[in-house]
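The next block holds one structure in the form of structure tokens; read it before the comments.
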Amino acid sequence: MKRDFSLGEIAAYLDAELHGEPDLRVRALNTLQDAQAGELAFLANEKYVAHLGESRAEAVILSQKHAVVLMSGATVKNYKGALLIVANPYLGYAKISAWFDRSPQPSAGIHPTAIIDATANVGENVSIAANAVIDADVVIGAGSTIGAGCFIGARSVIGQGAHISANVSIYHDVRIGRNSRIHSGSVIGADGFGFAPNGAGGWQKIHQIGGVQIGDNVEVGACTTIDRGALGDTCIGNGVILDNHVQIAHNVVLGDNSAMAAYSAIAGSSTVGRNCIFAGDAAVVGHLTLCDGVTITARSLVTKSITEPGSYSSGTPLMPTREWRKNAVRMSHLDDLAGRVKSLEKDKG
Amino acid sequence: MKRDFSLGEIAAYLDAELHGEPDLRVRALNTLQDAQAGELAFLANEKYVAHLGESRAEAVILSQKHAVVLMSGATVKNYKGALLIVANPYLGYAKISAWFDRSPQPSAGIHPTAIIDATANVGENVSIAANAVIDADVVIGAGSTIGAGCFIGARSVIGQGAHISANVSIYHDVRIGRNSRIHSGSVIGADGFGFAPNGAGGWQKIHQIGGVQIGDNVEVGACTTIDRGALGDTCIGNGVILDNHVQIAHNVVLGDNSAMAAYSAIAGSSTVGRNCIFAGDAAVVGHLTLCDGVTITARSLVTKSITEPGSYSSGTPLMPTREWRKNAVRMSHLDDLAGRVKSLEKDKG
Amino acid sequence: MKRDFSLGEIAAYLDAELHGEPDLRVRALNTLQDAQAGELAFLANEKYVAHLGESRAEAVILSQKHAVVLMSGATVKNYKGALLIVANPYLGYAKISAWFDRSPQPSAGIHPTAIIDATANVGENVSIAANAVIDADVVIGAGSTIGAGCFIGARSVIGQGAHISANVSIYHDVRIGRNSRIHSGSVIGADGFGFAPNGAGGWQKIHQIGGVQIGDNVEVGACTTIDRGALGDTCIGNGVILDNHVQIAHNVVLGDNSAMAAYSAIAGSSTVGRNCIFAGDAAVVGHLTLCDGVTITARSLVTKSITEPGSYSSGTPLMPTREWRKNAVRMSHLDDLAGRVKSLEKDKG
């Protein structure tokens, strides 16, 4: 992989105004605090402005607003490096991060130990790593990468340019869109959790005969599960980003560009809109509908449908355990307490 | 796989009263709303009765009560398809779902790339997929299926007719009962989390020398973990159903036919009875006992033993974040508030 | 493996005072209640003292205090076995547990089906199981064990004596210290969850170009994830113990000897000190700092930095669901209730 880049080519890619020498080269991306000579940094958060003065970065990506402060010399007069002025420095950092990614390139072609069914359809420029197992009638889109030890079940389709990391399990009848990425340990298309009481105290399995549809440009973290539908498919929109340990149950519909942090979950048959954000461990119980643009804060549990965009929360604040014990006892008697207050008000009246 | 079935054979299997032509054939199972001509649907929930009128389903599984409504023509007079009248339509749907399951049949026999120790005992009609690794003295029961990339540790026993999906890890000395099913990414028999403070600020590992016993007809979801015992075995009863991301810690005993939804967990050495139901993320701390027939609602934490069957809950309701912030502050001062109410009552008295 | 041991050698290893015949041999370790003749037990918890009288154990590890009680014959006069008196019986049990661990020994050497890049550096006495895949420039320390189906990415380093169970996925540029242990299904070095809003309602991936550093003597449970850093490394100290389903996000720093039970989590860029203890499902949101010696009780959520050692909690107590419903309604109106109490106090004043 090419390992250094000129400020000129970076400025062109980021549509940045460059104050500095275009032929100067940077070999790594780093934080303002840690960047050394020859490294590129960025300033995206007001609270790091003070670090700019001491930064040794060769160049920094920043906004016009901060560049003005810098050039005025007011607080950060010591910074001597080049400036790459962009409208949105955090987005600029995100975009240029790909250039400095040292991830090993997957080997071209199909490893001799990969087991690929004769009926599978493998596109051009596909990399399939050692010990991957590809079942009947699978379609692997051009330019995609299948990691070591992956299993892909019959009739599943992997979109062009998709990247499946090692040891991912994809069941049958799963469709994964273009340029989507799935991290190790994740399981797509396992059976939804569907059982009917059998009338004798036990459970009758409901066979899960739907599939899974995952859109384009989706990212799925590690050890995340997306279950197949009971009847019809579980559907993940385009541009969705899922962190590690996420659970998407059967027949969930999740709208485009929604984001779910670690452990967040949507239970069976719930529909969540576009551009929703779930902080860590936020969860939605089954059979609900959430409109577009809903944010759920960390560890909150959604037990009713939401029709208004906005931020929603549940939970209690952290306290020293000794204080928490006293308060928690009161939580168990809150209805009684409210009744007593009402009674006092009545007496007063 | 056979792909269509006559209403006559379905009626016979479900012990249903058929109103319609026994030779009519259905090729798929679907919801009332989505079913097309040639498809079978079911009506199990009162709130979908209205959909019956517009359903194009070839036949519908339903109760006597709904069939009467239908035949009276009162609200659903447009439905022209056949009726399969059963005592419990949801159970009927569950039972017939197996007939319409298009899951690929596992290949017969042992894949040449499977690595099977010479001392392992493999029963008749077993399917072992590519790259599975079976250690010494393992017993694989007749008719069972081992998925691609599975690992099965020494001396473990897989019951007859069990189905282990791809990339499951089973440690040594684990017993899995007949017709049990384990989904991808799950780990059975990893070490319990046992450590003693070593007196110097660190931890001394307690070797986990027990095993795991899993009963018959158990279902284990994806990315679920069941740890081996510290001394003696972790025990899962018959007919237990576990969803994805479930955690069963060392030396837990879980009774027959209990059900645990995603992320629900039982900490070390706790005993949970039969026919218990844990909604998503319900958890039990260690060293407790829960009697039979306990239901724990979503995200509730059980911190004391439970001796009475029934439903138990903890947690706070969801609110708009702005309101939640104001209420949450009060939760930290609830004991103080209760004291003030008591003082007001005293003054009044 | 040697399967029985003399009391004399056990006493020497544990630095125990032996009351009994040093040549007597024990073949297994068990609880006081379940131990049979020929088995070793331990008494570490006051509440099990009563079991000692009926125990059939051949020998018991216990404290001086309990030995005195025993020898006085007061409550447990029936116990006839040998005594191994130690300062800390629970630690004694932990240490001796390794002697009775029947885990199968990994086969020596490299299995012929393992795929090892020619540039990898494999130390002496390493065991690499079937179908493991080792990428370019990996270093495998002497005496370590790599389980079946593991993937180890380019340039990663596995410390001497480390034990990686089956089906673990380790990405590139991960360093794992000496004698550390990682259980099945875990994923080390997957991308941190970093995305910038792209200004058009979608997300721009931030490539995660840091790595992961894991110290010596660390234990990582099953299905646990430790993400690589965005810039710079995610760091886990020496002697840390992590249970199953734990999540360590990008650029977390976790201090030596801290312990995290199942589902506990640290979000991105948070720093947690040494000797911290997280009970099950305890979580820390991003960009916080917790000092050394902090305990977080089960399912508590840390939303602010903590500067004082001690125990912290959040959450509500478990109640019968009927009562919980009434109390939960009041939680949504707590701010109002507090205002009404204040008003009553004013009126009184």
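We just call them A, B and C in the order they show up, numbering each chain from 1.
Basically, a residue touches a chain if its C-beta (ideal position, glycine included) is under 8 Å from a C-beta of that chain, and two chains touch if they have at least 3 such contacts.
Just so we're clear, the structure is a prediction, and the values are computed from it rather than from any experiment.
Interface note: chain A and chain C, two copies of one sequence, contact each other through mostly non-matching residue numbers (shared numbers fall below half of all numbers used).
Superposing chain B on chain C by their CA atoms means rotating through 120 degrees, a value rounded to the nearest 5.
Per-chain Cα centroids separate chain A from chain C by 26 Å. Contact with two or more other chains is made by residues 113, 131, 149, 167, 185, 223, 245, 263, 315-317, 319, 329, 331, 333-334, 337, 341, 344 of chain B.
If you check the complex, the residues on chain A that touch chain B are 113, 115, 131, 133, 135-136, 149, 151, 153-155, 167, 169, 171-173, 185-187, 190-191, 193-199, 201-209, 223, 225, 227, 230-232, 245, 247, 249, 263, 265, 267, 283, 285, 295, 297, 300-304, 310-317, 319, 323, 326-327, 329-331, 333-334, 337, 340-341, 344, 347. Remark: chain C residues 29-31, 34, 88, 90-91, 93-95, 97-98, 100-104, 111, 113, 129-131, 147-149, 165-167, 181, 183-185, 217, 219, 221-223, 239, 241, 243-245, 256-257, 259, 261-263, 274-275, 279-281, 298-299, 315-322, 324-325, 328-329, 331-335, 337-338, 341, 344-345, 348 touch chain B in the complex.
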